[in-house]
Amino acid sequence: MTTAHLILMVAAFVFSIGALTFFMKRSAVVALMGVELMLNGVNLILVEAGQLHHNAQGTSLVLFVILVAAAEAALALSIFVILYRKYGTLTLENYRSLKG
Amino acid sequence: MTLGLWSAIMAVAVGAAVMTGVPLMVIVERRGSAWMQRRSGPNRGGPWGLMQPLADAVKFAFKEENIPAKAHPILFVLAPALAVFPPLIAFSVIPVAGSVNIGGVDYPVQVANMSVGLLFLMAITSLHVFSVLTAGWASNNKFSLLGALRSSSQMISYEIAIGICVVSLVLTYGTLDLREIVKLQEAGSQLPAWGLFMQPLAFLILWVCAFAETNRLPFDLPEGESELVAGYHTEYSGMKFALFFMGEYAAMFVASAFLTTLFLGGYNVPFISEETLRNFFLAKGLGLSMASVATCALQALSFSIKVFFFMWVYVWIRWTLPRFRYDQLMYLGWKLLLPLGVLNVFLTIAYTYLRPHL
Amino acid sequence: MNEVANIVAAPLSWIVLLPLAGAVLNGSLRLKSPFNGILATLLCFAAFILSCLQFAKFPEATKLVDPGYLWFQAGHVKAQMGFELTPFMSVMLLVITGVGSLIHLYATSYMSHDKSPWRFFAYLNLFVAAMLMLALSSDLIGVFLGWEGVGVCSYLLVGYWYEDEKNTRAGMKAFITNRVGDLGFLVALFVAFAFFGTSSVSGILEWVADPVRAAALPAWVLTVFAFGIFWASCGKSAQIPLYVWLPDAMAGPTPVSALIHAATMVTSGVLVFVRLWPIFGAQEQLLTLVFWVALATAWMAALIALTQRDLKKVLAYSTVSQLGFMFAALGAGAPVAAFFHVVTHACFKALLFLTAGSIIHGMHDEKDIFKMGGLRSKMPLSHLAYLVGCIAIAGFPFTAGFFSKDLILTKVFESRGLVAYLLLLGAALLTSFYMFRSYTLVFWSKPRSKEAEHAHESDATILTPLMILSVLSLIVGWLEIPHVMGHVQKFSQWVEGSWTVALRGNEAAELNTSTEWLLMGIAAVGSILVAIYAFKKYSTGPDTSPETVAWKVSFNKFYVDELYCKFIIQPFRKVGCKISVWVDEWILDGFLHGLFGGYRVTGQVASIFHTGSVQSYAVLMLLGLLAIWEVARIW
Amino acid sequence: MNAVLNEAPSIFMWIASAFAVFFSCVVYWSNNPIACAVALMGTLFSTAALYFAIGNYFIGAVQILVYAGAIAVLFVFIVMLLDLKPHKLRSLPGQGAYLSFVTIVAAGLAALLFCTLAKTPSEEAGTAFQLSAKNYSEYFLSHYQVAFQAAGLLVFAAILGAIQLARGHFGKKENT
């Protein structure tokens, strides 16, 4: 077991638990936290690969991911505020008006 | 001696220094305010009242710890800890003096010599918001929550101006390594090559932001007594309150050290380089280790004097200026400091680009 | 013709661009009256000045060219947006821009009380630009562009007063009839592409002139090409069977009638014919066909004109009849005569139409000649102008019409014999009759209506062009005087250099002097006598004799419109209805129903997964990603 | 503490990894949004610690600055501001089946991720490697120039969007 494997395992775990969180949680905010966890797992793998191959190209993508995550979080959370004001709840099951 | 062990020693030393500085600063502040207001201040405990902080500490330690019934028990306790933690961590990347030579190896007088120290410093100081927010929410008190909300928006707003100014500084110095930044400020013949002279506008903006970041007057709205009782730490008492108190002073120390490192040449003694000092002590007949230790002592003294200058200005301002209104605060942050910072970035870019041609 | 070709570069594109600029400016600026008219007139006049400058470069130069630019290229087909000017076209250029300028000037006053004169002048300028394009373009595609351009402008201008449904119908009739003719042009164009590999006029003419290359062509190619052009000319120049649009086109404002239906557009068929003469000259059978069609047209139009009551209709049928004369000349193998008649006709027909406009203007838009009368004293200058026009078109000695018509008759006599000559002479005498009928009814006797009593003379802006055109109508014929009377051949000498092959008519043996005098005398005396008869007959007022069958047939235009309607339009409409219903029901609806049904089924299947819950979407998305990943890994 | 990647992990690495796993589990298991937010912050910090441990200080610092300092603060802020009450996990008909399905999917995903990535060969892994901010800036100003500008535009758009949303034109107007 090397450090690389450990990090890989952690990353895979964090990503999966993030996905699970996103699928299972009823609260929109917590579901979004799951998304952040997934992004975090991906970042971890990217950084690890960059260190492994002595290459900054992939690792620069992490900065983009972080940036996009910041933008996404800012927008998503402000949308949540609006939704909360409008419907008084942030439970995802209540937002089903797009049901086909 | 490994680098890890040295780091541990330095961590203890720097931590102790900051923790000693806090009570010292308390007495300075109390006596200073008294002096400015033409009254005596605390003068009974020990010579010139120097023992007063000790008495305060004992008082805090023995007071009853009160946790409100409707408060969130874990977060309520966590918040004061979070208040002290970031400033102490932040101090780890600040170079306090040059390097000490032990057994032919140079050890930097600094807990962690990090290549991205400047960024790390900013990152850690931005965590200060957490303690405020957590404290305000966990108290389950409207004054606390209002204070916390005010505080967090204030800190985030001013962090943006700080970030912009740091960009121009990075453009000037070309590195994020704080030790290198300090070394770059060593040179200079007529004037020391301090950041103060290279980036005066950034210095001013950062100085103003430092007040806002530490919630000090004239920006102490989060704990404005006349409006919010005591802001986010209304419900705190005893040692928990003391921790917030310490956290605030530690944050002031970090801000002062930050300004010193970036603008006042850090640990540099003005006009005298580390090399000169070392050679001076070597010429006095000291060994290499002792010479380096003596040099570092001098540099640490220089650093402390500069930091205490800023600390004194904190006190000075606190007892001189009245509190801002909240809209004035936001106006200053967003509409004055931020555009000025952006302007400064552009000026710096132009200067950096044109410098080879000048 | 025999000298070394002297080809000179010239700014010909500007001649087209100036009126085009006028169209764009008038269309976009929407100036107030009279500035819109002044703008249009100035630009048209500038084109006239420029044309004069180009005209002056002949005869030193044999040809002026403006290479322009390559418009488009598809395979070996190249369309060059270039211009060229031959001596013969330079005369036409002067007619188009000169008469055009006068009509613009006239219209400035005539249209000043209209609702949106800027629109009118934009169309008018566009029309002039298109006509110049047609005349100048060095490429058949460019010619076609102008050809279609004048068609469009004709449609726009005839239907200019579109509030009245009658006018729009007339415009559509003109446009659609012309489309039928344009088919011939397209066929000719395709033939040119397929067999000559070029669409440039000079390229085609070179091909035909080259005996080696011409011999390699199948014999029918040139015939098809020529017939296509002739068919197209029938449409544009109003020959049987496609003449029906021209009389209806009188619905447009009078300056339009003058410009389009007298001076320029209707002559475009003759123009193209003459330009491509080396091809037609060799098509003996086709020329025979052209001649008899033209003769029939001349007669039929003249007969119809005998009974019409609408002043502009009379003039319109006279135009059709005169066009028949031109084509008869072409059919007789005398392009110079035809073209000479184009020029003279442009002058006196524009004069007649403009005078008619002046009269109608003075009569407050009353067009019925039976309601006029006695205008001689009320509109003296218009009366004078109309009289000049009438004697010119009737062929009174020493007027323009006399010389051109005489030239045509002589040529017909030379190449088609006595019968053909007599028939054509008959048509010419009829011309004299119906023109003087209208003249007498309008100007003599007593006013027969209130409008006629209160008629007034038009203003100077209208009268100035009338005066200029009157003078031209009288003198322009002196360019070409038969050799028995002095032998002036300025016109034919000028024009002759335009073709690289010899004209057929030139080699024909000349008639002896006495025959020529005789022919000329019959025509002149005949027309004068017929004119006097008509004057006597109508000087007391309109004919009140009972309606005979012949009169009815003539008055109802030989029922041609009704026949067309019954035998062509209605069958077409029936078949079209059937087809459109079938296409609508089976193809369009079927397609839509299929599309709709497909969407519905797909949607029903897809909506199973459409739960409205974000998280189930996310699970599905993840599964999809995993599947893609696996596939990519196994690959 | 600059770890070499194909050696056995140091004790520090183990601790940081354990924290990352633990906190992410808390995010999933806790019903209290506040606890989730704090645990999220813990995960982010542990990840930053891992970055530091494998020698990528720059990304570590940025992680703390942006994720912990901004995004997590936003989460905490929103949770506190809206005063979200503890939620249970989803309760749907056939919830058990759904839960096991999703868990299997997630576990499979983890296994797949691990198996695929662990096979990646690495020649240079034997030596320590440190990236500085300069490396990144070189990439940003050459290779990723367009992406960099686009990201800037994205952030700008996000700012505008957030401001517009916060001004409340889309929600119900409040009469307070």
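Lettered A, B, C and D in written order, each chain numbered from 1.
Operating definition for what follows: a contact is a pair of C-beta atoms (placed from the backbone, for glycine too) under 8 Å apart; a residue touches a chain by one contact, two chains touch by 3 or more.
Since the model is a prediction, treat every value here as computed from it, not as a measurement.
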Of all chains, the one whose CA centroid lies most distant from that of chain B is C
Between chain pairs B-D and A-C, which one is joined by a greater number of C-beta pairs in contact? B-D
Between chain B and chain C, what distance separates the C-alpha centroids? Give it in angstrom. 94
List the centre-to-centre spacing of chain A and chain B in whole Å, with centres computed as mean CA coordinates. 34
How big is the gap, in whole Å, between where the Cα atoms of chain B centre and where those of chain D centre? 29
Between chain A and chain C, centroid-to-centroid distance (C-alpha), Å: 76
Can you pull out the residues of chain C that are in contact with at least two other chains? 615, 619, 622
Which residues of chain A are in contact with two or more other chains? 19, 23-24, 93
Which residues belonging to chain D are in contact with no fewer than two other chains? 62, 70, 77, 81, 90, 102, 105, 109
What is the complete set of touching chain pairs? A-C, A-D, B-D, C-D
The chain C residues in contact with chain D across the complex are 615, 619, 622-623, 626, 629, 633
Could you pull out which chain D residues touch chain B in their complex? 1, 34, 38, 41, 57-58, 60-62, 64-65, 68-70, 73, 76-77, 80-81, 130, 132-133
Show me the residue ranges of chain A that touch chain C in the complex, using the header's touch definition. 19, 22-24, 31, 92-93, 95-100
Could you please specify the touching residues of chain D with respect to chain C in the complex? 90, 101-102, 105, 108-109, 112, 116
Sort out for me which residues of chain C touch chain A in the complex. 603, 606-607, 610-615, 618-619, 622
